[in-house]
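Below you'll find a set of structures to go through.
What follows is chain A paired twice: with chain B in the first complex and chain C in the second.
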Partner chain A sequence: MNLSMKRMQAILVKDYKEFSRNLAVSSTILVPLVIALFYSRMGIDTIQVHFMAINMTFSLVATYIQCCLIAEEKEKNTLRNLMLSPATIPEILIGKSMLTFIITILILTGSILLTGYNPGNTLIMIIAFLLSSIFYITIGTLLGLIAKTVMESSVIVMPVFFLFSIGPFASAFVEKYPVLKVIEWLPSTQLINLAESLENNFKVGDLVQPFGLISLWIIIVMILTVIVYNKRMKDDI
Partner chain B sequence: MEKFQQPIKIPTITTFDGRMLLPSFQLPLTSGEIVGMHLDVFQIDCLLKYLQHYSNMNIFFRQEGHYERMTIFESLKFEKKLYNSNIEIDDALNITGLLKAKKLKIKNLSYSQLQRVKLAKLLIHEKPIHIIEEPYQNLDIETKRIVERTLNFLKEKGYTICLLSASLEDLMISTNSVFRIEDTGLEKFDLQEENSIDMKVDKQAIKLEKIPTKIKDKLVLFNPPEIDYIESVEGEVNVFVTGVAYPCSLTLSELERRLIHFGFFRCHRSYIVNLQKVREVITWSKNSYSLVLSGKERLNVPLSRSKLVELKEIIGI
Partner chain C sequence: MGEVIKVNHLQKKFKSEYALQDVSFEIEKGEIFGFLGPSGSGKTTTIKILTGQLSPTNGDVKVFKQDISFLKSPEARQRLGILSDNSGLYDRLTIEENLDLYRKIYNLKENSVKKSLEFVNLYSDRKKHINKLSKGMRQRVLLARTILHQPDLLFLDEPTSALDPVNKFHIYEGLRRLNAEGTTVFLTTHDMAEADTLCNRIAFLNNGKICAIGTPKELKKQYADDTLTVELKNGQQETISKGATDANKMFDWMQKNLVERVSTNEPSLGEIFVQVTGRKLV
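What follows is the complex of A and B.
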């Protein structure tokens, strides 16, 4: 497939200008930083708490901002122009994800520095973070295509926030409610499990499950996103 | 710039309840020319929905989205990169008269200025065919002039332009080849400059078989068979063709005299009807009747009691 860097870069620059001038959305990126700051000052130093801030960055920055960016294009009726332009579907989707990806990485680095989290194996953790960002951004794209307005997107993101960021905490109640075992399969829980196994001596076999599951989530959400995009394309056009 | 090759054929478009909205026709496009199509709003919507799948067309929608927080210059730069265009942004701004406003944010622009921004985008898109929806609607005079100038600029560059509008006057600002939709397909309006007709009449004093109607400074001529009926309300005579009223300066009796040979009938003190189009005669009560015309709109024309006998004689019942 022939991707035009020039087009994707144009979309990135345009998104940056729109985003930085929209304070209502762009100020959200401060929330995970503030939370990270609180936790670091409270002096709690467990993996669970570190990942509270990290998972919150993912859902509030990656998913929410991506969702707003896409929903705004729809609300303002500009997505149609993009779809009718010579840009292809991958160019549009990648171009629209680039800004969120960059911001996510920046905020993630910021909150990790603030909480003082030091992973057992930095390289493996970075790869896991990158994969997770892709997953959360894709979910954001999917929700953005479903939401009709920016207003709606902040509501629609809430379930994702609770499920993926708060969800891992529910694993404390697994013994009482066996239904909650499902939480084990969430990408955010897998990320925490990965981090915990990295702290001790780990075998390569331990890495297979988290990476495999996160990748599986990415593939499922990507397929859904392309289906919804194509459907929107037929409806709107 | 690539030229378009194949003629574009539109299939019959029907509404969800099976009523025909647009008959099948071929888009009347010629390169380097502006053509107009006189359609109603709903027909325009359906046509555009169909046309936007063509990649060699650029469609100028009446309602189009903008990135409101960007300046004019920034959003044009974005379009330029997206379409990989070679047009200089300043040139496009110059043609559309936006050069001084280029640092303004889109959300602060007036409707007319927005329309100019869309026009500048259209210049940047560089597609061989431009389909433009309602180019002159709700614009200030300055912007109307700019639109006209830009369209001519595009025409001279050899682009194909098709204007869609519900207002015939708007179409006639830019072009003399205007089409309308009949049940069977496209029909061209017979437009002539008013002066040239006056001259002809003076010279030869021939009786025109066409019925002149007047819109602004243009005369629109109709062949009598095209006319559905003619109505006179408070001294104003309107000629109805496919449901649209065109004002006419002749009186009803003059029209009756001219049209009687074409199968027209004075069915009421203030109505003349084209008998070829009459489908039904409805009796409401002993004293009130009306004629229903063929065609999708099923237009109603009143028929007076005194004329009923006469009508029966003509039809032969």
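What follows is the complex of A and C.
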């Protein structure tokens, strides 16, 4: 595959200018930081609490912002012009994800510093965070392609927020409601499980399930995204 | 020989309705080709098929002598310019920033933005934000972006519908210049005067069928009636046949030195359209 860095960078620069002039959306990056600050003041130091702020960053920054960026291009009929340019599908989709990726990493680092989370194994956790960022951004792209307007983005992101960010905390009720077993398979739950196993003496085998599942989620969502993208390209909008 | 577009018995069906029933035409390199028809006649659908945004239901379409699958390639995209009827701009960016994105996507030199903006008479406004512009100005920015890479083949879907006469005039001038530099233009419009001044060749589209095609001159000749209008010096106006039957009348007037003006009775394109389709063009 032949990716033009110049094209992707051009989209990144354009997105940055638009984003910085759109306070309604860009101000949401503060929410996870405020929550992280709040928890750090309370002085609780458990994995569950650290991951409250971390998962919030993923759904409010990675997914929501990405969804808005894509939905706005659709609403304003600019996405179609990009599709009709010489830029390829990967160039457009990667280019359109770069700004959100950078912001996600920055805010994630900020929240972790604020809550004082110190992972059992930093390198492994960094890789897991990078993979998770890709997952949540791709979900955002998918939802943005489905949403018709920017207004709709805020609504359509809610289920993701509840499922992925709040979901893992419902695992406490699994005994009572066996349906909740599916929560085990969510990438956010897997991330927390990974973090917990890293706290103790972990074996390489402990890494297989979380990394395998998160990667599987990424592949599934990416395939869905490309399918929806191609449909949008064909469809008369 | 030098054909850029060749369409043979093209049909397009949406669900159960045919938007295009039978469309055939060719466009040669260097032409400004006008596609005229009332709204709903299938102009946009044709452009979408010719630019790879819709697949035809039936028929044969060649662009740049290649099958339409070629239209999806970056090489084809580099040679095409497409201004659709609902193209958008980035509202929070300036005119220049909007074009700069596309300059990088098309991998063009820095001065292409300036050249393109001068073309639509907007260079001095380049620092203005899109959300501060009038509809006509936005339309010109869109055109500037569409021609930024000097495409070989330019599709314009009703490009002047939002413009006042002065701006229309600017755009016509610009399009003629671009055409002189080698760009073939495919233009849809429902403005007969526009087609008449701008296009080398015209096709009339009605209900998804081409009902007449030719140069404006040919069409007018074809549908002209065989009469002349003679204005006499005494203010009288007479309509006579071009043929031998009225030759004596003419001879008589000329001998008496009565003739002020003689004109052929060419129909306007709008009148031809009504004649061909029995339908007014709106």
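Methods note: the second predicted complex is superposed on the first by the 235 of 237 C-alpha atoms of A that agree within 3 Å, B and C clash if a C-alpha of one lies under 4 Å from a C-alpha of the other, contacts with A are read in each partner's own complex, and residues count from 1 in each chain.
Keep this in mind: contacts are C-beta pairs under 8 Å (C-beta built on N, C-alpha and C of every residue); 3 or more make two chains touch, one makes a residue touch a chain.
Computed from a prediction, not measured in an experiment: that's the story for all the values here.
Have a look at chain B and chain C on chain A after the superposition and call it: clash or fit.
clash
Have a look at where A:R7 lands relative to chain B and chain C in the superposition and call it first, second, both or neither.
In the superposition, A:R7 contacts both chain B and chain C.
Check whether A:N22 is in contact with chain B, with chain C, with both or with neither, and answer first, second, both or neither.
After superposition on chain A, A:N22 lies in contact with both partners, chain B and chain C.
Using the superposition on chain A described above, determine whether A:T46 touches chain B (first), chain C (second), both, or neither.
A:T46 sits against neither chain B nor chain C.
Please indicate which partner A:N81 is in contact with in the superposed arrangement: first for chain B, second for chain C, both, or neither.
both
A:T109 in the overlay: touching chain B, chain C, both, or neither? Say first, second, both or neither.
Once the two structures are laid over each other on A, A:T109 reaches no partner at all.
Just chain B (first), just chain C (second), both, or neither: which does A:K234 touch?
second
Which positions of chain A sit in both the chain B and the chain C interface?
Shared contact residues on chain A: 4, 6-7, 9-11, 13-14, 17-18, 21-22, 76-78, 80-82, 84-87.
So in the complex, the part of chain C that touches chain A is made up of which residues?
Residues 48, 51, 53-55, 74-75, 77-78, 80, 82, 84, 86-93, 97, 100-102, 104-107, 145 of chain C touch chain A in their complex.
Contact residues on chain A for chain B in the complex?
Spelled out, the residues of chain A in touch with chain B are 4, 6-7, 9-11, 13-14, 17-18, 21-22, 73, 76-82, 84-87, 237.
Under the stated contact criterion, what part of chain B meets chain A in this complex?
49, 52-53, 55, 59, 63-70, 74-75, 77-78, 81-84
Report the residues of chain A in contact with chain C in the complex, numbered from low to high.
It is residues 4, 6-7, 9-11, 13-14, 17-18, 21-22, 76-78, 80-82, 84-88, 233-234, 236 of chain A that touch chain C.
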